[in-house]
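Read through the structure below, which is laid out as structure tokens, and then see the notes.
So that you can tell them apart, the chains are marked A, B, C and D in the order they are listed, and the count of residues begins at 1 in each.
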Amino acid sequence: MNGRVDAFLTDDERAFRAEIRAAIRAMLPPDLARRTREGIHLSREDMARWNRILDARGWAAHHWPASAGGPGWTPIQRFLFEAECAAADAPPLSVFGIYLVGPTLVAFGSQAQQDRYLPAIRSGAEFWCQGYSEPEAGSDLASLRTTARRVEGGWVVTGQKAWTTEGHFADLMICLARTNREAKPQAGLSLFVVDMRAPGVTIAPVVTIDGGHSVNSVFLDEVRVPDDALIGEVDRGWGYAKFLLAHERTNNAQVHRSRREFERLKALAAARPGPDGAVLDDPAVRRRFAVVEAHLAGLEATVLRVLVDQTEGREPGPEASIVKVIGSRLQQAISELAMDVIGEDALTMPDAAGGEVAGWTERHLFRRVVTIYAGSNEIQKTIIARATLGLR
Amino acid sequence: MNGRVDAFLTDDERAFRAEIRAAIRAMLPPDLARRTREGIHLSREDMARWNRILDARGWAAHHWPASAGGPGWTPIQRFLFEAECAAADAPPLSVFGIYLVGPTLVAFGSQAQQDRYLPAIRSGAEFWCQGYSEPEAGSDLASLRTTARRVEGGWVVTGQKAWTTEGHFADLMICLARTNREAKPQAGLSLFVVDMRAPGVTIAPVVTIDGGHSVNSVFLDEVRVPDDALIGEVDRGWGYAKFLLAHERTNNAQVHRSRREFERLKALAAARPGPDGAVLDDPAVRRRFAVVEAHLAGLEATVLRVLVDQTEGREPGPEASIVKVIGSRLQQAISELAMDVIGEDALTMPDAAGGEVAGWTERHLFRRVVTIYAGSNEIQKTIIARATLGLR
Amino acid sequence: MRRSPDQRDDDLMLREGARRFLEERCPWTPTLPSPGEEDAVRREMAGLGWFAMGLPEEFGGGGADALQALALVEEAGRVLLRRSLAADVLVVPRLMRRGFAGLTALAPGLAAGAVRFALVSGDPAAGGLSVAPGREGVRLRGGGGLALDAGAATHWLVAAGEGSPNGAALLCVEARPVPERRLIDGRRGAVPPLDGLDLPAGAVLATGHDALAAIDEIRDCAAAALVADAYGALAAGLDLTVGYLNQRRQFGQTLGSFQAVQHLMAEAFCDLETLRSLMLWSAASLDGAPAERRRAAASARVVLGREGLAAASRLIQASGGIAMTEEYRVGHVYKRLQVAAGIDGGTEARIRQLATDTLSPKGRPDDEASAA
Amino acid sequence: MRRSPDQRDDDLMLREGARRFLEERCPWTPTLPSPGEEDAVRREMAGLGWFAMGLPEEFGGGGADALQALALVEEAGRVLLRRSLAADVLVVPRLMRRGFAGLTALAPGLAAGAVRFALVSGDPAAGGLSVAPGREGVRLRGGGGLALDAGAATHWLVAAGEGSPNGAALLCVEARPVPERRLIDGRRGAVPPLDGLDLPAGAVLATGHDALAAIDEIRDCAAAALVADAYGALAAGLDLTVGYLNQRRQFGQTLGSFQAVQHLMAEAFCDLETLRSLMLWSAASLDGAPAERRRAAASARVVLGREGLAAASRLIQASGGIAMTEEYRVGHVYKRLQVAAGIDGGTEARIRQLATDTLSPKGRPDDEASAA
């Protein structure tokens, strides 16, 4: 099910993949794989366990530089590693610690901050959440209202963060707060580490459309953070946040997740009885699968174009900006197809269904978020039109 | 093939339809029906001939009031008449004379103008074209530049009209021109009758994407028109033009044409060999046809809702504003489906194909215009959002 | 003949009264009501005459037509009422016209709110339901499909042996205790345990062609109600969304002022109005030829499952994060539509049905075209 | 191994030189060039080395790879060049690697521009082509499909008996006079009259598995070229459209400043880049496993026929009336895409092929999944 788009790979990369594949199959506990298949919001324990297993092999922080404890892989190698993890139903690694905080600290944190925080991210001992979005500042981050006030020996942070994924079990938050009201909206923001157990931090769970709990509101009421909680320089947090977004240009495509889900859906459709034979025997259904296959291959090829450029030391071209739009739409198309394949069994809550159909409905419902978060698709299209195409 | 949405009709309306159906079958010359099926831009002679035949029966100006020589039908009766004409492959009546100029003159023209122009429209003796759009004023009519200057005994019109359908064989133009530069853009426009053979009128054909010629550029170079060429009052032409657009709220849905084409396409797909039996035996193809069937029924039902309201003396609701958007998209969906049904034979110019597949490709290409003209779909959506939904 | 809703004085009184009642007594909240609360509301509805309204006059009813019954269903959809009104205000009252004695005897109870129906069909995947002679009279065989509110009903209206006059039977069965399933939109359904059930002969309302005709009418009535409910849910969701978009600001302007958001909502509105048109066609066709009624119901369900569901997803998209939360109504509109799209065989089954009904097999000319 | 285009100095020189030459010598105009003008341009291209470039070095060629050949095809697509370069710069030069003597003998002529190929397949609707023993050697039976530029070619590369090694044959046939058909996008094609044609045995380049492998490679190469051409046409069309939108004003602002127009163009751009990705995958896979090459070509053609064509329609929609005229290039881009979508069996045939290749029949696990 992997290697659909193999022709872009060198022989060395294929050998690398074979090695990774065998290693993951050996390392991954079957119960973790099963819960990953069926669940949508994994528990901290499950995520931490896989994190530890990978860290023992030096692969947890797989896209950090070797100097920060990463394996020193190329972008293509990271892609192959992620593809193999997804294909084996390995739990996803925490987006925030591994993908967001680690690279931010490596790029802008002090040596002391790196020494303090990076090992625990790698080992899965500490979990992070992201404190960027606010109730009145989702896609429009520049309008955020949380403030950090300078006091003797540190800062006092006050405000409310919204849509804080994994906030309810995170140990630390990477928090964007306003430190300068005089400056232009983007210019007066700074980046802090906030201890989620500090006095003044309150967490309110937000139940989402799928009935699950992965998102929270976090209230920061005069939360005191020490001097060394500031990452980089004061008032430059916006630049750090943007650097990171530019750094991770293909992550939002979720290409591995889509490929894995699509292959599982094929198997499901081949096994479920349809009006005449299996669901997948119906030519109208086959046509829909084939069209998704073409789109998915298109997304995989686009992501690989970006990664080949990065691996060969070039700046990615404009195609990097489109993978969010295309990838998110494809995720939704796959889960919509799943609803048709599963039929009535998809309409009852999980206690009734179970087995191979478990988790699809919740994923489908939660999947509506992917065209909204990480810069809504409308915002992405405006960026493409203005910045890439030069429409004005 | 008719009567798909029959339940909205009264018994009287069904009886009316049966009568109309029989009459049209008796009146319509088979060669006209054949050319209508195969052609896309009909000749003046063909259109005039059918016009004359209908006029002899009193049905040419089928949606004019009885006082102006129309049959005095209700909106539903007109709908049924049009549906039967389309189903019989009768040539379309000239949009401009029958649908646009007639009602405009009835509402705003002088008795003398009505006496002079209406009979020749009914009989098909005179053809009209519409002089609204300009090169720099398509969807944005308020910015038009053609001017009419007051002179002794009349006006002098100068400017350029664009996209003038049937202009090359029209006798007269209903022309919107600026008569007041002081007023706000919309307020200073007036409506005139321009003789297409008057000195100063030059017509340049515009060949369209389908390789056909139905559209023209019309240059008006100091064209003198008499006093009685002015329709209604000076500077009030914008209001007259808008009145008419509101009057003809369902015409742009092109529901009869779409139904007729769709039924012909079904027959074509049932007759053409496909990968396994006929094209229409393929379940994937059947699924696409069934979805179009549902959409077409939805459009028919929406148009009938509007017409029932009008027939029963009520103002149509907001659904009137959406039929252009939905109807135009459906026209394109049908012709796109036709391209797939016909396959490679649709790619060569008409001399090579012919028979049942004739005309589909040209129609398909020209069909791109329907989401652009008569207020582009983008403009329609903005109107729906602002005026109907109240978004601001 | 009536072809437009909301035109008579009593139409408007009914709709406005229903809206007021529903918004006051059962406004939407994310919390699910208890069965006791639902029963209490149900009794009040009976007091308002909702279940008597559509009964034929000879059984003490008001003889209201389908448009009025659907207005109630639509209004209930607006507040996402968890217990469906479709069977008791539309389907069963209309079925009483056929005069099945076993059914009409229940008319007073229905009017009083003491009798509540659920519609039960066979599960095609399990081979459907069939009826055979049994110990007490007849015996049911096979599996029923998921039936909305089957656990809360006092009676099950059971369609067996659909598709062929041999073996077709319509039954009225006193409800048994049945384990309920919670649907994703908060409603409840159940799969009635019918296999091997012995029933008295009187439970059989009709067999053969009579049963088939009744079962077809039930199916199309239920589809019209499903679409009315979904339309109500969507229309209320659109109202809510427009209000939100005109308030919430981003990048210094209201969300509702962005052209992309405006067009998203205009698209949703186009789909909504099409759905309403098809609902009204379905309603108008309930008194007409079965072939048109069937086509109307199938077309409406196809558009419900495609454009209706897409419109609900656009409401979420335009609203943004807030619509992803369980606390906000718009996500529930989406789930309501998802259930409507998937129930009773789902959209794809309706597409297949519409293909069978409107496309001639193997090049034979279209039946209706040649009949026309 | 090369996996990215336009990275080496000679890549850039080639592309820039080609763009300059094409824009100067054959810029797009609505008027169709005469065959004489087309032949003259063709000779100049030969002078530039375009047809020698991709030939193996042992036949006097430059050994350029697929990415370079496709760059030429893409550039020709930008000016909507009426005569296709695909066969002569990509397909036949690559085929020469297989060393068919009857073909390699033509290498000098191809390099000089004196030999021009057209690719001919059987028409599936007419049962395809087959080869039988004949008077002079072999005899062709059956009907060929519509072949691009078959009238302008000196040689036809004919694929017969596709689909099974028994009967598969690849032939090189000297072109006969053939009535040409004008395609809707201004290009020319013809259906070569092959039924009953007697040919010397030497016309057969390969049979059996060898022929099948060569025919498969030809099909996938041709698909990659078709996509490169369409991508070039679309990319140039998008450039033109963006320029127009930034100039043309409506309601007091540029068309390009309307958010709805911006999003329309962003959608087109997303589809364009996906098409380019698939074109590059197709190119990269030409040297790899046939199964992946086939899947890449089919995926690219599916996206070409759906999203590519839709992107072209968006260019028309955003431009408005001007794009409806024969004088304006954007309408021709749409027609070019329509031809590309429909030729060689069309998009639907490629979707069926992709379904067969990627979906396991009757629940059998996916071949590649189990092999992986």
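Before moving on, here are some points about what is shown:
One rule holds for everything that comes next: contacts are C-beta pairs under 8 Å (C-beta built on N, C-alpha and C of every residue); 3 or more make two chains touch, one makes a residue touch a chain.
These numbers were taken from a predicted model, which means no experiment stands behind them.
Comparing chain pairs B-C and B-D by the number of C-beta pairs in contact, the larger count belongs to B-C.
Distance from chain C peaks, on a Cα-centroid basis, for D.
Spacing of chain A relative to chain D, judged by their CA centroids, is 39 angstrom. In whole angstrom, the spacing between the mean C-alpha positions of chain C and chain D is 52. Shared interface positions of chain D, defined as residues touching 2 or more other chains, are 258-261, 263, 352.
Residues of chain A found to touch two or more other chains are 283-284, 286-287, 378, 381-382. The touching residues of chain A, counted against chain D in their complex, run 1-8, 10-11, 87, 263, 266-267, 270-271, 277-278, 280-281, 283, 286-287, 289-291, 293-295, 297-299, 301-302, 304-305, 308-309, 312, 314, 318-319, 322, 325-326, 378, 380-382, 384-386, 388-392.
The touching residues of chain A, counted against chain B in their complex, run 282-284, 286-287. Every residue of chain B that touches chain D in the complex is listed here, in rising order: 133, 136, 138-140, 143, 162-163, 206-209, 211, 215, 273, 275, 284, 332, 339-340, 343-344, 346-349, 351-352, 361, 365-366, 368-369, 371-373, 376-378, 381-382.
Residues of chain C that touch chain D in their complex: 258-260, 263. On the chain C side of its complex with chain A, the touching residues are 124-125, 145-146, 181-184, 189, 249-251, 258, 260-261, 264, 313, 316-317, 320-321, 323-327, 331, 334-335, 338-339, 341-343, 345-349, 352.
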